[in-house]
Amino acid sequence: MKNYRVLIDCKDEKGLVYKISKIFFEKELNIEKNDEFVDQENSKFFMRSEVSGKVDKEELYKALNDILPEGANINVIEPRRKRVVLMATRESHVLGDILIRHYDGELEVEIVAVLSNHDILRPLVEKFGIDYFHVPARDLKRVEHEEKILRLLEMFGKIDYIVLAKYMRILTPDFVSKYENRIINIHHSFLPAFIGANPYRQAYERGVKIIGATAHFVNDDLDEGPIIAQDVIAVDHTYSWQDMRNAGRDVEKVVLAKALKLAIEDRIFVYSNKTVIF
Amino acid sequence: MKNYRVLIDCKDEKGLVYKISKIFFEKELNIEKNDEFVDQENSKFFMRSEVSGKVDKEELYKALNDILPEGANINVIEPRRKRVVLMATRESHVLGDILIRHYDGELEVEIVAVLSNHDILRPLVEKFGIDYFHVPARDLKRVEHEEKILRLLEMFGKIDYIVLAKYMRILTPDFVSKYENRIINIHHSFLPAFIGANPYRQAYERGVKIIGATAHFVNDDLDEGPIIAQDVIAVDHTYSWQDMRNAGRDVEKVVLAKALKLAIEDRIFVYSNKTVIF
Amino acid sequence: MKNYRVLIDCKDEKGLVYKISKIFFEKELNIEKNDEFVDQENSKFFMRSEVSGKVDKEELYKALNDILPEGANINVIEPRRKRVVLMATRESHVLGDILIRHYDGELEVEIVAVLSNHDILRPLVEKFGIDYFHVPARDLKRVEHEEKILRLLEMFGKIDYIVLAKYMRILTPDFVSKYENRIINIHHSFLPAFIGANPYRQAYERGVKIIGATAHFVNDDLDEGPIIAQDVIAVDHTYSWQDMRNAGRDVEKVVLAKALKLAIEDRIFVYSNKTVIF
Amino acid sequence: MKNYRVLIDCKDEKGLVYKISKIFFEKELNIEKNDEFVDQENSKFFMRSEVSGKVDKEELYKALNDILPEGANINVIEPRRKRVVLMATRESHVLGDILIRHYDGELEVEIVAVLSNHDILRPLVEKFGIDYFHVPARDLKRVEHEEKILRLLEMFGKIDYIVLAKYMRILTPDFVSKYENRIINIHHSFLPAFIGANPYRQAYERGVKIIGATAHFVNDDLDEGPIIAQDVIAVDHTYSWQDMRNAGRDVEKVVLAKALKLAIEDRIFVYSNKTVIF
């Protein structure tokens, strides 16, 4: 008996739930959990099932593919620890939070390595027995720096997600395209407010009464990728922008951890620059 | 083409989604929205489907009943305006909020009447052209008072829900049993904290930093029925208990309206003194 | 014995609290509540005191003016019901909410009148015995329409605040300048995200997981005035933009009511396009 | 130039702010931040001032004592790193969170040591170069175990706060009385709901839609000490009690960290089993 996660998205049509659940039934798979969503506006069907039983993954894929509309995306996943690379710059709070959650057993991932353009966070990372790679950016063109990173990433073998834990450099479209919907960033504002540099300073200057954080997949446009999770906290006039930054740390940590958990549990569909999350 | 809401709960077993969706498929019903939940601990299956098509309700019921485990609850509902009776005492904020939401078209119910043990709220209610019945409780035993209310309720014909919009009298088990899981109350605390009288005073004296409100179905035990919705707001040491009461009003209003909307959209299952809400 | 609210803002310097409280003491005023804030970055001092006693307002003003730095703003206020004009267009939920709060005694204002560019909301407003003025905008230039409104406003006598309860027309700088920091608007997004038209549609298209509302003073730039209050609620992929709009109504209502209460209790300082709120 | 925090609470009377600020003025102390609160119901005055200047602490105390009502509590504090002992049992998430915040520079305390009745958390603590003391409780009476702990605590010298970071043993009144209002506990429910053991299981069985955490000072009655901070998160029917426990971790961490920060910044007054927090 094994567990599988089956993720399907396709054009909506009548009878999809019946046809899919028929295959599960015929293959003697038990549905432990099932979520569906139909985007009526775009006539698009999404389904995520947790099933248990004994099945050949390839055969299940084929059986589903036979009955689903053309162009369907079908993903039959055997849950396993996802392999994750963390990238950071100077700040330790988000990175440290991930490390402690991982140590604690809360984040069921394998942290392959931490990469940074500085050498500041090494002592923290190495406390937890995790490899730390310092890839200095000084005197390098953006592309040259990324090539060094890419070489490391290739060396690591298969990677499921790259998590930008306050990595403060912008990635090129070329880099991003190699890991489509697999790079998760935490931005320290409730996007789309305060795109770009120093959002806390921007928030302070605008005099907002709420600040937030946004975890999103990275795409070509700065801070404009599909949003996975957001949260906010109240602030008031007594907060300097540094106070906002300090207060915002907890939100950044919690939101990124939430997004990462959704990703490693295969709960996220990306679709027209948005996410469907079960 | 009509819309139906199909609510099913039964013992869990393999193939339920398949068997149910097969019937929908055979009867040419299109699934617009589908939610399922399995309570693994108690091996209990819940499903709520919004389907569209043309079907005989009785036949659909029978077809489902044939394939479901013994003891299944099956509910095939044609959406219509639910008929609701409101009961209140003196305070106008919750009652007024329901009236304005109803006027606004947000609450798609028919408000059959407002009953009150006082005559204070009559001018407000009659502004909206709704019948107001004053049923004084003075000099009456609890049962005598309730008999008068029951006689009115019977006179009104079929009632779907009774909403206690700050009705400050305790109902007898006898009364409650006549409207099982159909009386919705708003209690001004985050239950189970501060059961009983003046929860804001209790909250003040305990020095809590959060106050809340709870909408629940009424059962025999005071404030212990199945919880439908809860929400909270932050308070601090500057709040007197009256300040808490004033601040709590918005939460009471929003939470009760939310619960009522869930009820009229047939989204609530009651189960072992809890609710499953889709 | 009377109550006064004393609002002071000025350049910060040593001894301000001492000098101000000395005057209160000498005039035998008792401080019931006192709030101070120093904006260190701009060396600016804010203070709001609730005092009780017997004093000549002019004399108190003069005494304070004598000891405060040049350019100090001093406001000695005897609490009274503020006179408020509401402006709305078609939607009834925010307007209705204010009317019911007012009826309920929660909003201690005098609602002088409701103005609208449509005649749709008249029946609702007149239920509460409040004057309704329909000022059609059709075939009028913006300035001509505003002139009609201004004439009405002048007719009403002294007005403390104009509240835009989903008034869907943009006011000219000329109009705004006549009521500087006295026009309160509710915008249905967490500004500065989604400025302008149909923010719920914008939010839907961006795929945010949080929507909100912002109450702010109106200034020359659309949706860019000083923010008074904001709040948010969580949404997810199942929300169409209409669902977001419906869900957002409660936030709009609660946030505007909160802002209005702060205004009528003289708790707001406006300062470099921000608010200091005690 | 030094900074001082002056905390005063006493019977309320006219002129207190004047008299206190007069002394600050005469001693050439600049008020950087000032908060006052009058509990009208009990005629009690609270004030916390951050002042800067050059003053003899003893003299300032005496000057204040001379002008304040009898029985006033006056605390003149020179900010310094508070010395904190952490106590934990088996769970690492709260302890780990404090360690990482401390490492990160966010929690400006000196962590003197971690005590535990188990030896499980040693590797985590020692990663951060902090002393770990295993004080086994097995075969010991409660008093005997506490004596061992007390001996260690005495050995450490002056301690400002003991933080129970999921320390799962109940302390005796005797122990507690030695550290009155200096032991901070995190309880994993929104007190006063779900006092005692396994609050998540209790919450699950009650079917609540919100769970929370409460940081409070420990007094003689289990989970009934003065509340410092609380927060909550939404849950639903899909949460098993273990899911609630996992989801609750973030709230526990954030609430305890918040309470600890308030404590180390000398922002908390304890008063009739409640807290006044500036």
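Every chain is named by a letter (A, B, C and D) in the order it is written, and numbering of its residues begins at 1.
Methods note: a contact is a pair of C-beta atoms (placed from the backbone, for glycine too) under 8 Å apart; a residue touches a chain by one contact, two chains touch by 3 or more.
None of the values given here were measured: they were computed from a predicted structure.
Over half of the residue numbers at the interface between copies subunit A and subunit D are found on both sides, making the touching surfaces mostly the same.
Between A-B and B-D, more contacting C-beta pairs join the chains of B-D. When the contact pairs of C-D are set against those of A-C, B-C or A-B, over half line up by residue number only for A-B.
Chain centres here are Cα means. That of subunit A falls 38 Å from that of subunit B. Inter-chain spacing, taken between the CA centroids of subunit B and subunit D, is 41 Å. In subunit B, 40 are the positions where the chain touches two or more neighbouring chains simultaneously.
By the touch criterion given at the top, residues 14-18, 21-22, 24-25, 28, 30-36, 38, 40 of subunit A touch subunit B in their complex. Across the interface of their complex, subunit D is touched by residues 92-93, 96-97, 99-101, 103-104, 106, 124, 127-128, 246, 249-250, 254, 257 of subunit A. By the touch criterion given at the top, residues 37, 39-41, 190-194, 206-210, 212, 226-232, 236-238, 240, 273-277 of subunit B touch subunit D in their complex.
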